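Shared between the two complexes below is chain A, which pairs with chain B and chain C, respectively.
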Partner chain A sequence: MRAGGTSEFRLRDLLSFRWAAIAVILVAWFVYYPIVDNFIVSTTDEDIFTGEVTQVGLANYQRLLDDPVVWVALWNNFVYAAISIVFQVFGAFLLAAMIEGLDSERLRRFWRAVYFIPSAISITITGLLFYFIYQPAIGLLDGVLKASGLETLMRPWLGDEGTAIYAIIAMSQWQGFGYSTLLFAVAIQKIPRELYDAAIIDGAGPLRRLWNVTFPLTREMTGLMTIITVTGAFQVFNEVMVMTAGGPNNSSQVLGTWLYQQGFTENNFGYGAAIAAVIFAVTMLTGTAQLIYTRRRRVQL
Partner chain B sequence: MKISMHLAAFAVTAVSAAALLAGQGRAEEVVADPSAKVEYSGTVSVLTKFGLQQLSPYFVGVAAEYEKLHPGVKVELIQESDDSVKGKTKTLVASNSLPDVYFTWTGSWGANFVRGHRAADLSKVIGPDTEWGKTLVPAAVQAFQYNGKYYGIPLYLDVKFMGYNKAIFAKSGVAAPKSFEELLTACDTLRKGGVTPISLGNKEAWPAVHFAGQLLAYNVPRATLEADFEPKTAKYDDPGYVASLQQFKALIDRCTDGAAVNGTSYSSAFQQFSNAQSAMYYQEIIEFDQAATADSALKREDFGFFVLPVPEGAKGDPKAIEGAPEGYMISAASKNMPLAIDFMKFVTSKENGQVLSSPPYGQPSATVGGSSKEKMSPQVVEGLAALESASYLMPWLDTANSARVASAWLASLQALAGGTMTPEQVMDTVKEASAADAK
Partner chain C sequence: MSAAVLAEAPPAPVNVWSVIARTFLHAFLICLGIVVLYPLLWMAMNGFKNNAQIFGDPFALPLTWSWSNYVEAWNRGVRDYLTVSILVTVASALCTVLVSAWAAYGLTRTKMPSKPLVVGFVLGGLMLSPTVAVIPLVKMMQALGLYNTYWALIVLYTAFRIPFCTFLIRAYMLDLPRDVDEAAVIDGATEGQIFWKITMPLCRPIIVSCIILHVLFAWNEYLFAMIFSGATGMQTLPVGLTSIMAKHGTNYGIVFAAMTISALPIVIVFFAAQRYFIRGLSEGIGK
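What follows is the complex of A and B.
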């Protein structure tokens, strides 16, 4: 090799990065810069009206610890995630297995569509719909309770500090359930039929087949859905904003709405950014943990 | 890889520098010059609070007329609702893209724009001694005064009354109450007759704050109230506060659906009144013409109103009324300020004021002579008369206070209505928020 060879090679190598540069810059600019900037903003106190920025160090994080609403919000996010996993991961998996177990393709299509339709409705409309269902005394839910003699259970579902967040979570399950069912259905369809045939020959009943064939072979999808559900539950915003905006008395605040309230209502963008940092940390941790877990348990065919 | 990383680093630096620059407010105040020549060309952007279907045609109509008069001008309207205008305005501020003309409340809301030098000083254009200023109701112009200067263009006057259904009252044998205690008794009678006495929807939290605001004005002396609005001088130790909240709680328990109010939206409650399913609804004068319309179950002739009656032994101002003018500011960054001002002069003309005051809008104009009694609903005319005899206009609690204190009022009054807090606990929450803000 001649002496100039390496430098020529380097130049060509460097020049070829031009093509990647655009993508790198765009991703850095729109994805990573805002993440870093969020941490910078969280150490400041910013007045958007005057543009004054004061460095406050970690004071906003100290305030997080002392703010009771942050703990309410974290708990609500956690409950949101836990209930969503039950319904949108395990419930959806069972439902998908049942639908895919049907013999007629037409029936399978029909049921997939039935469960998917709520996901296609805009959240604003769903919010309005459920507002009417939950309306005190004249709403559908209270109406049904009254008709069935369960008057003692009647309550202003969205107006009661004890039930508001659960009423929102219930709506969210109704809406998100069909979407995960559809994804599980696709995963189940990809399982080779021979495995089931072999299981049947071995004398495995439907439950055993579900547990020993379907479940392990859709584990990757289960892992993915868990990540999506948990991160989704910690980023939830629209559902709460449309239904209660965090009320009554901040009982249904989640981190996303509390962030919005601090930034846009109370003009504390620095504190809002500190709340955003918590959301980032939680979603990042659950994502990584889940990825490690599924990688370890992946089934190779 | 190095080059692209450098490039990326450069891009990031450039963006952050731009972001920093964008974040800067203006160092100096912009003063509107009354002698500036108006160039009738280009666009005027306007952020209104008339996004509701019933109200939006007003600005659309005025803009069309203005464009017809001045063919070179294009008026760009951004119309938002009562709730959405708050978030929208802050987003526009944060991104330095406030339109030429934007909606504002009085009190701490408007003070933000003044503090950040984002509103043009209009003293020489709209001050009380100026030509334009003389065409407007003086108290309304005064309401937008900050540090001795005038910043706002008042468009209409707003004030809170208890609207009631005369037919329902007559059927239950109840008369318009003269005292707060009479109101509570009237509620008991109405409820026995199977009617919801007052429909209240407090899902949005501000409707309860309006009740509390009027009661505070009755129970707490004005000077104390005003000192408490300012976190640095706030004490919140007047016994009138807890007294007001006890009255508020009695009203919630005896006159409304109780804890259920937090699950109902204010628009549903308003609809209930309009459908003649409730006897009373606490509303703003600007809602009168929407409560009783030609097609509503509540007939126009059955619609009556009274000022929320004064509780016995109240130590504040019995002639205070809760309300404030609402108006517009001119952006200090406006490239075509004389045109923006000229457009607002047109909006506040006597003729346009009369259109605004009359049905279907029913927003009592802040322009002198901007209300023609023949065209207006008689209730709006009467309401304006009541407003004139008021000794003090109590500002809305959630715009008079700093945002943090306002949020404390909003959340804790929901809790008081829902029965999870006592009046004393509400005051502790408010005090705490105010103390945190004073730092």
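What follows is the complex of A and C.
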């Protein structure tokens, strides 16, 4: 009787797996398995015409090291990350502090919403929009420069090897800063009001309060945003694809677009998979950093 | 609840410097607002213009407020792309939220063995990016016969968003009081009844946040959409826009009109559901 009871209980415990079954299966099948498979594909070479697959070991990785475009792409991803940290982490923090310092709640809500709008819109749309804005001579940017007497600065922003990637990054900042501003604003709202009152009594001016109260108390958010921004910068694809597709002359290539070009335009599945492995390595690093960071924080709490 | 950070009205004597600082602050916010909004207004406005007006006089208001470009864009593809986008977004949002809520319930309310392992497995998916999986997924979808069907996108959007959604709902369920559940168990309710009648209604706020964040993701996603719905008649809005650009690239008014129509729904969703949006974003990043 008793034994029967326990085994019934065990069966019931096992049956509770059914709740998570679909989630586990879908994630294992479509998220984990392809990543494992990607490493297998990256050690092969497929002949486009015969469809014959040959094992090539680490040859695709050797090719990575010798491919100058990979280094250009890595550098562009790095610049992407660095500029995004300046604008979307520190710039967004300052902006959020300014907004949260406003007296009127309606104004605060208004500005948070306005700055967020571009983040809600698809990158494909903003990418196309800026493609037109950057058009030489007839685009909006050159129009503004012309109207303000800065004709010497006018150039084909996306057609110039020196400016293409920066023009794309600039669009990306325009689109993304409102998103991180919103998150910083939420973090700032959680700071107890008394700390500011105490600082005011101590005679701290606005800048002192910003530096001694707001900044230290949102440091967690700053850390998280930095990691998320870097992860995002190494996965960037959409805006580059829409605006330049990596051109001119591969100068604005990032890892994501180079992967696409190798894998899908030139049908080098094996080599594309090797490029994907590089993205995997970088995002794993930043992901682990994020995990350690949140773990440590939770222990402190 | 104002967190006085930069500009704060000082008590009693009006400080000249503080007035100046406040003026600059407001001026700065307004300028930034113009930088953000003007390109979007320019986009919507160009939908009313023809090529000569768009490029000849970029700052001018349209000469006539004719909707012909918008109608043209709608008829030449936007309607179909919009249908596909709505279908894929709604279907994948429902699947994701349902599957994630089930998983979260199992992980917080049942005696499932080795829970930490399952939690680690599902949430570990957060670290894996679609870009890395895309080449094997193409082969897989071809083998499954899902290549160039809506199903490929619905399945992938669901699978890739389950970790994040489960994470949000699980965290919410952990904070929910359990006494109602326990009372229901004593009354003889099954797990299924508790899930549908007690837990899900209590989780409504986070479910709404999840749905909205999913809509934002699925509506705007490009990489998977481009690769798995490239065929005509299957394209979602972002992919369709690039093909409108390729087809009618010389008639810019139509392209701008199509872009504006595509951007509008999501902006409206954002304004209508801002509260849930912000909750989802801040919970998602903060825990």
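The definition used in the following text is that the second predicted complex is superposed on the first by the 255 of 301 C-alpha atoms of A that agree within 3 Å, B and C clash if a C-alpha of one lies under 4 Å from a C-alpha of the other, contacts with A are read in each partner's own complex, and residues count from 1 in each chain.
In the analysis below, contacts are C-beta pairs under 8 Å (C-beta built on N, C-alpha and C of every residue); 3 or more make two chains touch, one makes a residue touch a chain.
The structure presented is a predicted model; accordingly, all values stated were derived computationally and were not measured.
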A:F49 contacts which: chain B (first), chain C (second), both, neither? first
Return first, second, both or neither, reflecting whether A:I117 touches chain B, chain C, both chains, or no partner chain. second
Applying the document's definition of touch, where does A:D160 land relative to chain B and chain C: first, second, both, or neither? first
Partner chain(s) touched by A:D103 [first = chain B, second = chain C, both, neither]: second
Between chain B (first) and chain C (second), which does A:R193 come into contact with in this model arrangement: first, second, both, or neither? second
Which of the two partners, first being chain B and second being chain C, lies in contact with A:G247: first, second, both, or neither? first
On the superposed three-chain arrangement, identify whether chain B or chain C touches more chain A residues. C
Contacts of A:F280 with chain B and chain C, given as first, second, both or neither: second
Once the structures are superposed on A, label A:R18 by its partner contacts, choosing first (chain B), second (chain C), both or neither. both
Just checking: does A:F130 make contact with chain B only, chain C only, both, or neither of them? Give me first, second, both or neither. second
Contact residues of chain A, present in both the chain B and the chain C interface: 14, 17-18, 20, 24, 28-29, 33, 37, 135, 264, 269
Which part of chain B faces chain A closely enough to touch in the complex? 1-5, 7-8, 11-12, 15-16, 19, 23-25, 86-87, 90-91, 93-94, 112-113, 115-118, 202-205, 257, 259-265, 268, 403-404, 407, 411-412, 414-415, 417-418, 420-421
Could you please specify the touching residues of chain C with respect to chain A in the complex? 1-9, 21, 25, 28-29, 32-33, 35-37, 39-40, 42-43, 46, 55, 58-59, 99-100, 102-103, 105-107, 110-113, 118, 121-122, 125-129, 131-140, 155-156, 158-160, 162-163, 166, 191, 216, 219-220, 222-223, 226-227, 237-239, 241-242, 245, 252, 255-256, 259, 262-263, 266-267, 269-271, 274, 278, 281-282, 285-287
List the residues on chain A that touch chain B in their complex, please. 14, 17-18, 20-21, 24-25, 28-29, 33, 37, 46-53, 131, 134-137, 155-161, 244-245, 247-250, 261, 264-269
Residue set of chain A touching chain C in the complex reads 12-14, 16-20, 22-24, 26-35, 37-38, 41, 95, 97-103, 105, 108, 111, 113-118, 120-125, 128-130, 132-133, 135, 138-140, 143, 147, 174, 178-179, 182-183, 186-189, 191, 193, 196, 200, 206-207, 209-210, 214, 221, 224-225, 228, 231, 235, 237-238, 241-242, 256, 259, 263-264, 269, 272-273, 276-277, 279-280, 283-284, 287-288, 291, 294
